[in-house]
Amino acid sequence: MQHQPVSRYSLPDIDDLPEDIRQRIAEVREKAGFVPNIFLTLARRPAEFRAFFAYHDALMEKETPGLGQAEREMIVVATSARNQCQYCVIAHGAILRIRAKNPHIADQIATNYRKADISARQKAMLDYALKVSRRAELVDEDDHARLREHGFDDEDIWDIGSIAAFFGLSNRIVNMSSMRTNDEFYLLGRVPREK
Amino acid sequence: MQHQPVSRYSLPDIDDLPEDIRQRIAEVREKAGFVPNIFLTLARRPAEFRAFFAYHDALMEKETPGLGQAEREMIVVATSARNQCQYCVIAHGAILRIRAKNPHIADQIATNYRKADISARQKAMLDYALKVSRRAELVDEDDHARLREHGFDDEDIWDIGSIAAFFGLSNRIVNMSSMRTNDEFYLLGRVPREK
Amino acid sequence: MQHQPVSRYSLPDIDDLPEDIRQRIAEVREKAGFVPNIFLTLARRPAEFRAFFAYHDALMEKETPGLGQAEREMIVVATSARNQCQYCVIAHGAILRIRAKNPHIADQIATNYRKADISARQKAMLDYALKVSRRAELVDEDDHARLREHGFDDEDIWDIGSIAAFFGLSNRIVNMSSMRTNDEFYLLGRVPREK
Amino acid sequence: MQHQPVSRYSLPDIDDLPEDIRQRIAEVREKAGFVPNIFLTLARRPAEFRAFFAYHDALMEKETPGLGQAEREMIVVATSARNQCQYCVIAHGAILRIRAKNPHIADQIATNYRKADISARQKAMLDYALKVSRRAELVDEDDHARLREHGFDDEDIWDIGSIAAFFGLSNRIVNMSSMRTNDEFYLLGRVPREK
Amino acid sequence: MQHQPVSRYSLPDIDDLPEDIRQRIAEVREKAGFVPNIFLTLARRPAEFRAFFAYHDALMEKETPGLGQAEREMIVVATSARNQCQYCVIAHGAILRIRAKNPHIADQIATNYRKADISARQKAMLDYALKVSRRAELVDEDDHARLREHGFDDEDIWDIGSIAAFFGLSNRIVNMSSMRTNDEFYLLGRVPREK
Amino acid sequence: MQHQPVSRYSLPDIDDLPEDIRQRIAEVREKAGFVPNIFLTLARRPAEFRAFFAYHDALMEKETPGLGQAEREMIVVATSARNQCQYCVIAHGAILRIRAKNPHIADQIATNYRKADISARQKAMLDYALKVSRRAELVDEDDHARLREHGFDDEDIWDIGSIAAFFGLSNRIVNMSSMRTNDEFYLLGRVPREK
């Protein structure tokens, strides 16, 4: 299985990549123990690589009182499942399991978030994220009012909608390039970590 | 998590159930080590319980040259994912991993079977299953011809379509009753079995 | 017209069928004056035949204070029309006309149940049935609360949803096998019975 | 049942109507034995009444070598069923039965024209009619080429598409005004005419 | 660009047209300075031409206290955009700009009327028009009640729905015949008129 | 009209913005004569602003033999129209008119690109862009093969799909924030430039 191509597109030689990109890839390998395919796939287009991860980090490497990191990952998993993006569901499902310290949450949200073991507040968050993801043209003041009733402020709403929008971009790039998911993601966060 | 209700409906007392149903439940507990929630949920309606599992067994406890047991489970996972049925995707995802001896296949098929590591023949099988599941009114001779080109005979086609149709029933009952998934299914088939 | 094949699949020789199936077919011929094609089509798969009719009878050969037999047939006609199932709409349309003693009700419900001459309670019943049939993943507590406001109890709701789910299975089998409708059904219940 | 209102809108007093409209209504009553509700409903707007029936007659009171009157009614029934228009399906179903001298054809086409006892040429005609009715924005040269292969010429194609378009207008007016269907239509063409 | 054919269908010779049609065409040329393609395209079918414009005039050449002419054009633009009808959006967009004396309104409504600079009353009007245009089978008393809350009376509602229905017909004829838009419409109403 | 808020979100004070963002805004004002609202709306989130425009420039400020700048704008207009994004359709419609030197092309593509005055090659490009935009999960090798038949290479395909994906992100942010369109865009490229 591991010899199948990473995507429809050939991979660049890592040694030929610009220094900043090589370094980012080295860091993620150091931290995760492997290089997630999204890094390799986008590296062939350095300017897009940089913009993609800068946008990603601005939205995801952030923790606010209104929106924790696990909740941010819930948005990724719920919207990516609806967009049928294998890489995003499986890779971010792993991150969600780890951040939520819950081995079941990602499979529940990927299949039907309305039936997942999450709070009413989190369901309202995902209702909005899905609406932005699939029918953003219908978003109106009532949607924002409903989120505020659940205690989200305007910056939280911006974050929720932007994460849905950003991963909509990511989902489409993965599907158009037929990018594979790294084998390592499937099991991450499902079993207690070995020491 | 384990104290949440199995479904919207209360469970019958197992001791009050008809003998044949108690026995079936005892058998599955013996074999699996736990009682899958579908058995408990349907037991409150003995006649429906019997009909449901008789239908299930007729389609799923079968192995033909044209359609192996793992392939039957692929159909369940692909159509149930499209119908957003948590129990069916997670429980049958486990069975699929075990029957296919492949820890990744269920997550791939649940998210987007078109990108899964399966054969062109299996993709044609799932194309047909999804068409029966979602737009059966459009099924025509061309669909059957395409399956025959891939070596499926008329009995295989009946099986593929019937599995899609039967689990469509199952998906709807799970969603209308908000039936939970047993915790045991999530990890089954993902790690080598302990001895 | 009557010489066209009953379905894509050849029919079994009735004499070769298991005794219980031959008997069920004899009974229905005795009662209806002809053998509805669903019996002949499923007879080629005895285990599925038995499970199908056992399930059918458990849901349809039943009359409860909350859900009469005519109302059960309304559910069949409304959901089958939406699934574009010729046999189910025409055959169960006939049964509905007879059970409701109303020659117009089936055509009204098949075309647009919202405009049919039925009660608000029956419209709420069909709203739920259609939701289970077409978007069961969205069913939530509000749907159940609405039915309870109309006087349906939890067992009625189980019946409504299960009938929608079971005939969804039936609709798909009819469409995948291109099963014809018996000529006799078209006129049944439209004119006063001859004595 | 017969005392229910004809539509959401009150009916004009026939004596107050302009002479040409009164005469048209008298003619249809003479011919059919009753006044179809569409005449009464539109009469409150004389200019629209005249335009509606002029358009109707231009498309429907016509018989060409390529497109018989029964085929024109098939288009009405198939597209109106998809648009869930009770009056159009039931009233034109009656006319179709009479014109095709076939008591089953209307119910078959209303439920799923792909499974009806009609020719491949007629199915191609209805494929096009449905495309114009539901997704006209996608109509392209290939659609026209397919019809020409079946022997339809450009004037036939104009007729097929225009009938679908005109009855789309009719379907919407019926649904917005909740216009009822006359009881007389249900049985017309189903039993041999009494003499 | 101006030498491309007006539609898939050849144009009649104006001199061969019936007198009333020639006169109507002469009048519109006199008034607009050019002949909109809809007149030329329909002229090949005189009876349909007359019915079409009679219906059009009955609905559009009218100004009532509840529904001004600019509002009527808003309905045309919003529903035609959803039906992806180039001629109707561009030609009636021009008329809307002129009647509303607003150079921006047509582009806003064509893209997403929910975000246009129009009143809440006008949005409710367009919500209803779009529902009639796209899902008329769902129209119910609540929709009418909502419009009455905004001050529309039953005749206004008939007009709103009928305009949506009539232009649905028009949209389909334009798309099936691939009718082009006259170049003159694009700029009309965008810049102050020269004197 | 010009006093309506730019979006649901308040604007930052330009003087408080980081230097690089102030400079980018100054440049675009210098070049265009006004500041497009997307710059003001995103400026409140400097990191997202930088990532957004870096991504935008990487895809749009580029001209390759296979994909000219006008064609890139066609993709933006066609996909944004389908996503009902007012700002993107109107602003990029203006840029498309200018780059294509064609005052009609944007309105045609926004309404129905299949009927626009563009080449078969450009229609294939937009077919693919719309598929990535709306149903990326279905993209397969056949889609890529079709583009290669029209002379697009793999890098062009990456660009087409990425532009569709990136503007999908942009469309969602505009709709969730109810961002207005600057008045200046409506007329740009419609009339010969004054000197």
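So that you can tell them apart, the chains are marked A, B, C, D, E and F in the order they are listed, and the count of residues begins at 1 in each.
One rule holds in what follows: contacts are C-beta pairs under 8 Å (C-beta built on N, C-alpha and C of every residue); 3 or more make two chains touch, one makes a residue touch a chain.
Treat the numbers as computed from the prediction; the structure is a model and nothing was measured.
Common neighbours of subunit A and subunit C under the contact definition above: B, E. The minimum number of touch steps linking subunit B to subunit E comes to 2. Note: Cα superposition of subunit C onto subunit F, rotation of 180 degrees, nearest 5. Counting the residue numbers used at the interface between subunit E and subunit F, over half appear in both copies, so the two copies meet with largely the same residues. Using CA-based centroids throughout, the chain positioned farthest away from subunit A is D.
Centre-to-centre spacing of subunit A and subunit D amounts to 52 Å, using the average Cα coordinate of each chain.
Chain centres here are Cα means. That of subunit B falls 44 Å from that of subunit F. Each of residues 84-85, 112, 137, 175, 178 in subunit C touches at least two other chains. The set of touching chain pairs reads A-B, A-C, A-E, A-F, B-C, B-D, B-F, C-D, C-E, D-E, D-F, E-F, using the touch definition from the header. Residue ranges on subunit C touching subunit B, taken from their complex, read 8-9, 45, 47-48, 50-52, 54-55, 57-59, 83-85, 132-133, 136-137, 139, 144, 154, 157-158, 161-162, 164-166, 168-169, 171-173, 175-178. Per the touch definition, subunit A reaches subunit B in the complex via residues 1, 4, 81, 84-86, 89-90, 93, 103-104, 107-108, 110-112, 115-117, 175, 178, 181, 183, 186-187, 190-191. Contact residues on subunit C toward subunit E in their complex (touch as defined above): 112, 114. By the touch criterion given at the top, residues 137-138, 140 of subunit F touch subunit B in their complex.
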